[in-house]
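Read through the structures below before going on.
There are two complexes below, and they share subunit A, which is joined by subunit B in the first and by subunit C in the second.
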Partner chain A sequence: MTNVLELLGLAESAELLALSPPGWGGNLLRGLLNSLQIAFGAFGMGLIIGLFGAYGKLYGGPVLRDLLAIYTTVIRAVPELVLILILYYVGTDLINKAATAMGYDRVEISGIVAGIWVLGIVQGAYATEVLRGAIKAVPPGQIEAARAYGMPAFMTMRRVTIPAMMSFATPGLANLWLIATKDTALLAIVGFAELTLETRQAASSTRAYFTFFLAAGALYLLVTLFSGLIFGWIERWARRGQPSLKGGQP
Partner chain B sequence: MPDPTPSASSARPEAIRISDLHKSFGSLEVLKGVSLTARQGDVVAIIGGSGSGKSTMLRCINFLETPKSGEIVIGGETVEMRADGSPANRKQIERIRTRLAMVFQQFNLWTHRTLLENVIEVPVHVLKMPRDQAVARAHELLARVGLGDKADAFPAFLSGGQQQRAAIARALAVDPSVMLFDEPTSALDPELVGEVLTVIRDLAAEGRTMLLVTHEMKFAREVADHVVYLFEGRIEEQGPPAEVFGNPKSERLKQFLRSVA
Partner chain C sequence: MTSLKSLFVPHRIVMMILFAALVVWCALSLRWDWIPQYAPLAAEGLWTTVWILVVTSILGFALAVPLGLAQAIGPWYLAAPARLFCTIIRGTPLLLQIWLLYYGLGSLFPQFPWIRSSELWPYLRQAWPYAVLALTLSYAGYEGEVMRGAFSGVAKGQLEAAKSFGMPRMTMFRCIWLPQAVRNVLPTLGGETILQLKATPLVATITVLDIYAVSSRVRSDTFIVYEPLLLLALVYMAIAGVITLGFRWFENKVPSAQR
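Up next is the complex of A and B:
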């Protein structure tokens, strides 16, 4: 192993990437873990916002629909980097102003929580549209059958609409999840120690830019490949009961 | 006005009574005052041209459509309606709906569930029946409609006739007091109609109360106790099938029967 690395001239890189100091591998992995935590939280929050948003857009009153339209339009219109700067600084500033106004001390807002909130709000806007489309794709007759048999509205949503829309929503949600994992890199700009910031620090301390950014790229790729597996499994489950499109014959 | 109920059955209790039902879609008046009574065990066939309001009438009974005005009494219980016709008591509607099983033209099975899961869904989750009891009953019902070996199949892999028979099993699973059939064979290929009609015929023979919107005139004549002919939102003529089909009085009904013959 060592010989092969030496032969390829990678022995130095391997040392730099070692998990324990003086190697920087541990830092990278910690960054990855932070990134994943934020992506996970933001994606989950996005799903919840998206579900309420989609139902609100489809069945809500005119005021709610207008408010949701403003939300999805504005969030999707503004570049995410700008949104992160706005939401992060304005958000923390507002919270601190509120805290001091109510007589509390200024609070230190944890990077993870702020990251989840900021990206969650962005994800929620996209998820609203993904889920709205998916709900609309559910054959109305299936929802009508649930009503005709006396299912209350919430049970209809839980037992019929959501499972039936899953197959339509999964591809779009898989995209959103991958975007979430990569959007965490944008949080580097507000100084949050996620994978990209850790990589930059490691690279600039050691001048081994290529090694570290390649390693970070490989980590992002691993996350994507693993996510692909998971979403493939979810999609097969969500599409149970539907004939394969390859077969052609329903 | 003649008594709209079949005379021989007037001793049996009422299953459904509709009085002066009106329904509009926007400015289009689809039902212009329809009254109808079905007693327990009656098979009422509702016929009429497209746009005559027959499906709308059926869908008003379980409030899938909100009527504009009128009165609906199900098994002696009057449905509470607001002045605009919308149901005033959501809980009551949900309870009444569990007693009125509907079979749809497009089957409307839940495609993400197997036939067995479709059949036990309402008994388990709405009627809170113990699961094993519901499963045992579902197997019986599926066997009864000839799908005993398809319990674990998903609807999309079955023919239209099989799906509709499964939908009938789903309807029977709630042990309904009235079954509402909304053109149950209209979406089927001609060679699949027979298998569904056979199942419905058996249900009629065992004394199930049913309202049947249909285009199958021969079938209506054979199974119905009472036939109602709707024309432009009004009951144009009604009576025993032998009368309605054999000796129609209204010119429109005569014309209609000629056109579908």
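Up next is the complex of A and C:
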């Protein structure tokens, strides 16, 4: 193994990327873990906001619908970087005001919670649109039939709407998940130690820019490709029992 | 266009009054006294944002056409690299790409004396060429994927008709294939251009002075947090609105696709 690396002239890079302290590989992996944690949290929060947002847009009153339209339009027109800064300051300000009002000291907000809150609100706007489209694609007769049987609204959602819309929503949600993983890189700018910031610190202290940035790129790419596999699998599962569009054997 | 009548239903009038009250409150109770001092710098930053957006979108699109073509009809030795390029660009964060080019290439170039003595060196020492390169490649990567679908979406009969008239291949591409492919994806291109606009503030992290960098400077100079950010969000929304209107105008100009 070492001979092969030396033959390729990569021995130095391998040493820099080693997992134990003289190398920086451990830091990169820790950064990746932080990134994934935030991406998972933000994606989950986005799904919850998106589900309620989609229901509000489809079945809500005129005021709620207008408010949700403003939410999705504004979030999708302003750069994520600017939103992250605004939401970050607003969030920390609100929490500190609440804490001082209740007689506590100022609290330090953990980077992970702040990142999930900020990216979750951004993801929610996109998820609202994806899920709204997916719910609209469900044949209305199915939902009407559930209502005609007197199913409560929540049970209709759980048993009819969500399973039926899954196959329409998966491609859009897969895209959203990829956006979530890549948007975590933006948290580097507010100083949160996720993969991109760890990479930059490692690179600037060893001056081996290409080694570290390429390694981080490979890690992101691995996550992307692996997620593609998983989502392909989920989509096949969500489509089970549906006739294939390509024709051929049912 | 939403009709004017639908704008004047009662709840919307109430919402507009509330919004106007909010704007008045913002104008009166927040601090705006820093604007005159920073206006010239902000104009410069706005100009930087706009030209970076326009230049990288045009260059990126020019690069996306061969990328899409290679993936749609190219032989495997062209299609495979094109697909690899698109996968890599779409699979890694743009911030990482910008930093790789700026810090990586930026630390590599000074090691070669012939680069240092070349005519290009004064430009290569600045940050904007790296920003333009990174954003161009990113736009090309996303658009290459869009154009692949666009090229294979043009009806076969159109191309066969052109061929049977004995049209040369370049003329066929220029007059039949490309216009129809672009027409079919105009709405997608508009969306992607707005995404590109939203990617431009990242160049501020490598010291390019765009409108975002100006707002950060105001924030760090005066310790005013919200006002510059709110104004910045408003500026980006205005640019996004202009892009949307521009593409809508262009979509109305070209004959619509088959229904």
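Descriptive notes on the structure:
Please note the rule applied: the second predicted complex is superposed on the first by the 247 of 250 C-alpha atoms of A that agree within 3 Å, B and C clash if a C-alpha of one lies under 4 Å from a C-alpha of the other, contacts with A are read in each partner's own complex, and residues count from 1 in each chain.
Just so we're on the same page, a contact is a pair of C-beta atoms (placed from the backbone, for glycine too) under 8 Å apart; a residue touches a chain by one contact, two chains touch by 3 or more.
Just so you know, these numbers come straight off a predicted model, no measurement behind them.
Considered on the superposed subunit A, subunit B and subunit C are sterically compatible, since they fit side by side. In the superposed pair of complexes, A:P163 makes contact with subunit B only, with no contact to subunit C. Comparing subunit B with subunit C, the partner in contact with more residues of subunit A is C. In the superposition on chain A, A:V63 makes contact with subunit C only, not with subunit B.
In the overlay built on the shared chain, the residue A:R147 is in contact with subunit B alone; subunit C does not reach it.
Of the two partner chains placed by superposition, only subunit B is touched by A:R240; subunit C is not.
In the superposed pair of complexes, A:K97 makes contact with neither subunit B nor subunit C.
Once chain A of one complex is fitted onto chain A of the other, the partner contacts of A:K136 are absent, as it touches neither subunit B nor subunit C. Residue contacts after overlaying the shared chain place A:M155 against subunit B, while subunit C stays out of touching range. Across the superposed structures, the minimum distance from subunit B to subunit C, using CA atoms, reads 19 Å.
Common to the subunit B and subunit C contact sets on subunit A is no residue at all. Of all residues in subunit C, only 9, 11-12, 15, 87-88, 90-97, 99-100, 103-104, 107-108, 194, 197-202, 205, 212, 225-226, 229-230, 232-233, 236-237, 240-241 touch subunit A in the complex they form. Those residues of subunit B that touch subunit A in the shared complex are 62, 64, 90, 93-98, 100-102, 104, 106-114, 121-122, 125-126, 154-157, 170, 174.
Chain contact summary for the complex, subunit A toward subunit C: residues 62-63, 66, 74, 76-83, 85-86, 89-90, 178, 182-186, 188-189, 196, 199-200, 203-204, 207, 209-210, 213-214, 216-217, 220-221, 224-225. Residues of subunit A that touch subunit B in their complex: 139, 141-142, 144-152, 155, 159-160, 163-164, 166-167, 238, 240-243, 250.
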